[in-house]
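Both of the next two complexes hold chain A, though its partner changes from chain B to chain C.
For the complex of A and B:
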């Protein structure tokens, strides 16, 4: 008998929950987009170059000079208490009243998503998300094997009538929905904001069917146009689990997020976090505390807003000029992303290879849906590209789409759907 | 001796190339060579001119690395390099050209047609697809004519799904190869040598799923390999023989990997020839070398000495 080789000899031994953890051709293709010759609108990175390194140095030095031993030590699982006071201030900036004892600090909001799913979801449980939704949340959810239902959005966010139909049907089948996951402000990936009216309707629907709401709000303070709606947490503090993060207004590298939740839930989350990582970094929590209590962080957010506003406008005007008639897109009032829809016979996952060939990249839409959907859509990031890059990137993208449309027509694919 | 290891590059297979390249660098360092890591960017030629390595080890995959582009540059700069020369690289990377040579040399290969994007965009070739299907029969394998890996390869089982498969392949190259699907045992034959050729034991590729599908074939862990392949002596000999003829027909030196399918009658047919086989932990050439008693370091050493022999 010949010796047998397999690329992964442990394939039989992995847990069932890993069956949704697949590597994909898209991921491999996107790995190439780090090349400097490619204009990538596929990322989602905050523009950290806008920070003054002197300010960061000053804060880090303070931590080391005043508190180095504790900064190098383990800390409490629920977080560094003085930082909680700073986070209360950050939330107040959006009009949300919260107390330090309502907060648990996490290793980024991503850990919040993970442990919330961990404490609530048994395999087969039902949850509801927006379609499209944040892919990092979908991945966290999927590893706990729930049934994920998706509600379409329009320009005012999740369509509550459809949510109610879904809740009613599930309820009629004896299925309780554990939670509804929403990113109400400048949603990743669609760039859409849930209207104030819909926020109230969402809370109402959740009350009627006794569901929790997970409010993920990484971009709330990054509003550069229009007026902010109230946070869901401020509308119902007993039903909403709120996720905040410093990644977009300070540093993603510090890995600091937080959960504000009703106390019984917070107690359970504490146990879940304890077994996951004991505590969030004592060092970065102290840096963040000094930064948010003593530096002009509001001024810095204003500077970031200025940059993001300009970049968003640059991309939108490039799109108006080059993509009119080829695509439709959202017009975000904040955040990092916009969402473009192409003719329904165009498959953006397939088209990505052509785009990379033309040295431009985006994220194909289908990955943001728990099931089918978004095949003809793409997410574009504007926070990282300057005006010139945005113009050139959109120009290249227009070329790619034009070729795709003409090829699809030549192959008779446009007449199918 | 100073060896530049050319890795990364601008192709869609950049990551695989970096993995191959790092392993090769480690092996070369352990063998006592002075190793210089090289990526392909604007500084590539200036670096070669200033550093002037004694040899370049090409660990690139895909466009520019495998299609004769960097080979031509290295010829111009008089720097010896591993792997086949410009002609073999140009022909090997382009499946349409290499299959024409196979036919010319009497090397059996599944029947095929090649169509360019222009024939669809400007000549209404979509109306020729039914004739293609009639002549070749379903299922068809639809591939970009020039693309180093499984990217853009699709399977069409009906006239209905064929245009979509064609479109998918055209995302990777301007020409599409439509090839009759041959059901059988897939083996890879690795050939080493310049004048004296040595065939390493055949590696057999088996998708784990019950049905043939591309996902299964190209998702790690879903494919199993047997080395040597589980073939009788006669079939093994026929496969090795056709691999050697393919290597020679394309004028290869140093190394090549010939991908072969053994059809239902036990006849080997050549699918393609690869001039820069992968050197990762899970690649077929190192697997075959190991079955022949050559560990990774010895394989790298052999490739270096073959390259030096070629240049002298």
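For the complex of A and C:
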């Protein structure tokens, strides 16, 4: 997998930025863990089996009846206008007021991250992220060579006192922060939600230091417990760039995300989107539009919530049973992931090989940090595995951890720290 | 339309590269020329009406039957493997031997241009393009701030003697050229094809100065006259990065393009694609795969050729009748475009307003040059307008040009140069 072992005759030719573009551990792992005998909690996949293919076929038929030639044609760079109206409805479901003209449609939210970074970041610029944070975002950021600062989280999300210390110190050194990146709901990978109080404090801190906020909200509608806080975008339209996606509530395979942003920023993003890929698929945008305006998408989200709630509970029960005393973990109220911390003398990256040997997989924590951190942690995904697989997967994981802990104790490594 | 007139509170925040990201004239124009009373030869649209929607519906049904859950799911970053086999077949149709492992699937060929530029170009690096060249490519290139050098074309394509002079001068100044970008077949915008002899000379020049070649070949299979030359990729697999697309022979709305490149370069491109958008739509990739493996796509290409040949001839006849003595133009053997040159005292950008007043549109030539050039030229598209529209459009255009020429003569501007 690794290009390091390839003799590359072009090595002198690449742009400097490629030296900070490293392959994501998650992606490399997916290749291995796709083997059917491995129970993988490493992915981040929505459970697309929960869809009725008849609904999709019916939707496509309607798209073709309406205007097949336009569905097969290039479309406007900023997106298919009627779909923007549907996305306004989706955002309203979370209590966020947004207008179609505030929206640009992207090829998944990942493209939003890429082009936001492209228009804002010069090499050496400063940005702030949560620790841990989404690998895909870190990849996009790093490819434009900023200095990335990470703020620790607790059970209520990013610790705003620490954010303020960081902002103050950077400011004292004459360094302005271009943006603060956050996933406020059921964060990937931590499964933590930013409390309502902290949301207000985050906005205030960003105002005090005149930073933009990039709010990435892929899981917002996938809350299966507790009460939703307001989106940051609904609290400050002029400071927050919002990223949405249909990948978790409709289909990741359609590649539809969107950005809601202040209009001058949208103008710049439009130029970046134009050079990135001209436009998002007219075909899938029209499918999404018909689906969200004619089908019972809210009913489908309720069905998904039921599934994800059960799967999350199944995994938490299995963890309570098999991992108590061996690890600590977060208890998400929605989304796809939870975050487990092992004794600090266990290195989850090093342990992964034996886990795969025991036919179970997870994502080691260190990949979610721009610098050091998370070496004793792991991300576990519960959205894709059914109850039985979760129980069996956690059992195998417990065995792997126990063996690792015994080994460490035998070698006296547990006394090191 | 223009962000220049917006009071932008974020103006100090953008990355330096945004100053070289300018809105494409073509895209801005599309907005105006979509008005139904205007005959637009400004677009570059394939004639998607020529498709049978029943074929598309049947293809989608097969995709859903085969594996609906996978079609709705994330896919591998490098693309859906079975589709790569279909693309190998498409390339073989042009006599190019390629293997599935040489291919990465992209969100249209435009994304290929973007990520190639991203992995190769540092600000200030040198690249060479044809003059004129494709606006979308120039946009991607400029957003990474290279120095772009343009080589004139004649009726046989890029003038290799001039390319050699340029390469020699740059080399003498200690400047290496990262890549030479060419559209060898029915070039956009010039409608010119690189002769077989020149292809060999181009490869030789690139070897002598150790440059890569980026071969952009969207129209290769749309040859309705004459004999095809070999693709550059088929002449040098280790030096040529090939860009293909299904936008012209299948559907632009599906957003499927691909890159065939040496493997070490593919490894780097994979990282760029990952941060750009994770993956291309699983849904449209599966549709394309079924379409190209089960439907008569070669028959469909033949039907398209018939249509485009007739439309090209209709436009050329109308031009012979109405524009003789007023302009000169290229006679394409395929593709979508021809290039017309007016007397050198006519500025086609300035003339555009009166053309739109006369309900006809074209793309002014200057936008296709990275620096100066093409001010008296225009690109005309014949793929989308039927015979009657072409005749009427050219008639209107002749009136506009005659008026402009008379005005220039009355003012004595024709004596200037």
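In this text, the second predicted complex is superposed on the first by the 403 of 417 C-alpha atoms of A that agree within 3 Å, B and C clash if a C-alpha of one lies under 4 Å from a C-alpha of the other, contacts with A are read in each partner's own complex, and residues count from 1 in each chain.
Note that a contact is a pair of C-beta atoms (placed from the backbone, for glycine too) under 8 Å apart; a residue touches a chain by one contact, two chains touch by 3 or more.
In this text, all values refer to a predicted model and were calculated from it rather than measured experimentally.
Asks: In the overlay, answer first, second, both or neither for which of chain B and chain C A:408 touches.
Replies: First partner only.
Asks: Touch check for A:35: first (chain B), second (chain C), both, or neither?
Replies: In the superposition, A:35 contacts chain B only.
Asks: Report for A:280: first if it touches chain B alone, second if chain C alone, otherwise both or neither.
Replies: A:280 sits against chain C, while chain B stays out of touch.
Asks: If you count the residues of chain A that each partner touches, which comes out higher, chain B or chain C?
Replies: Comparing chain B with chain C, the partner touching more chain A residues is C.
Asks: Looking at the overlay, does A:356 come into contact with chain B only (first), chain C only (second), both, or neither?
Replies: Touch status of A:356: first partner only.
Asks: Let me check the overlay on chain A: which residues of chain A are in contact with chain B and also with chain C?
Replies: Common interface on chain A, chain B vs chain C: 3, 6-8, 11, 22-23.
Asks: Touching residues of chain B toward chain A in the complex: what are they?
Replies: Chain B reaches chain A through residues 10-12, 14-15, 41, 117, 120-121, 124-126, 151-152, 163-164, 166-168, 170-172, 204, 208, 219-230, 282, 287, 291.
Asks: Which residues of chain A touch chain B in their complex?
Replies: Interface residues on chain A, with respect to chain B: 1-8, 11, 22-23, 25, 28-29, 31-32, 35-37, 350-354, 356-357, 406-408, 410-413.
Asks: Going by the contact rule at the top, pick out the chain C residues touching chain A in the complex.
Replies: Its residues touching chain A are 3, 6-11, 13-18, 21-24, 27, 30, 45-46, 48-49, 51, 53, 56-57, 60-61, 64-65, 68-77, 106-108, 110-111, 113-114, 118-122, 125, 136, 139-140, 143-144, 178, 212, 238, 247, 251-255, 262-265, 267-268, 270-272, 274-284, 287.
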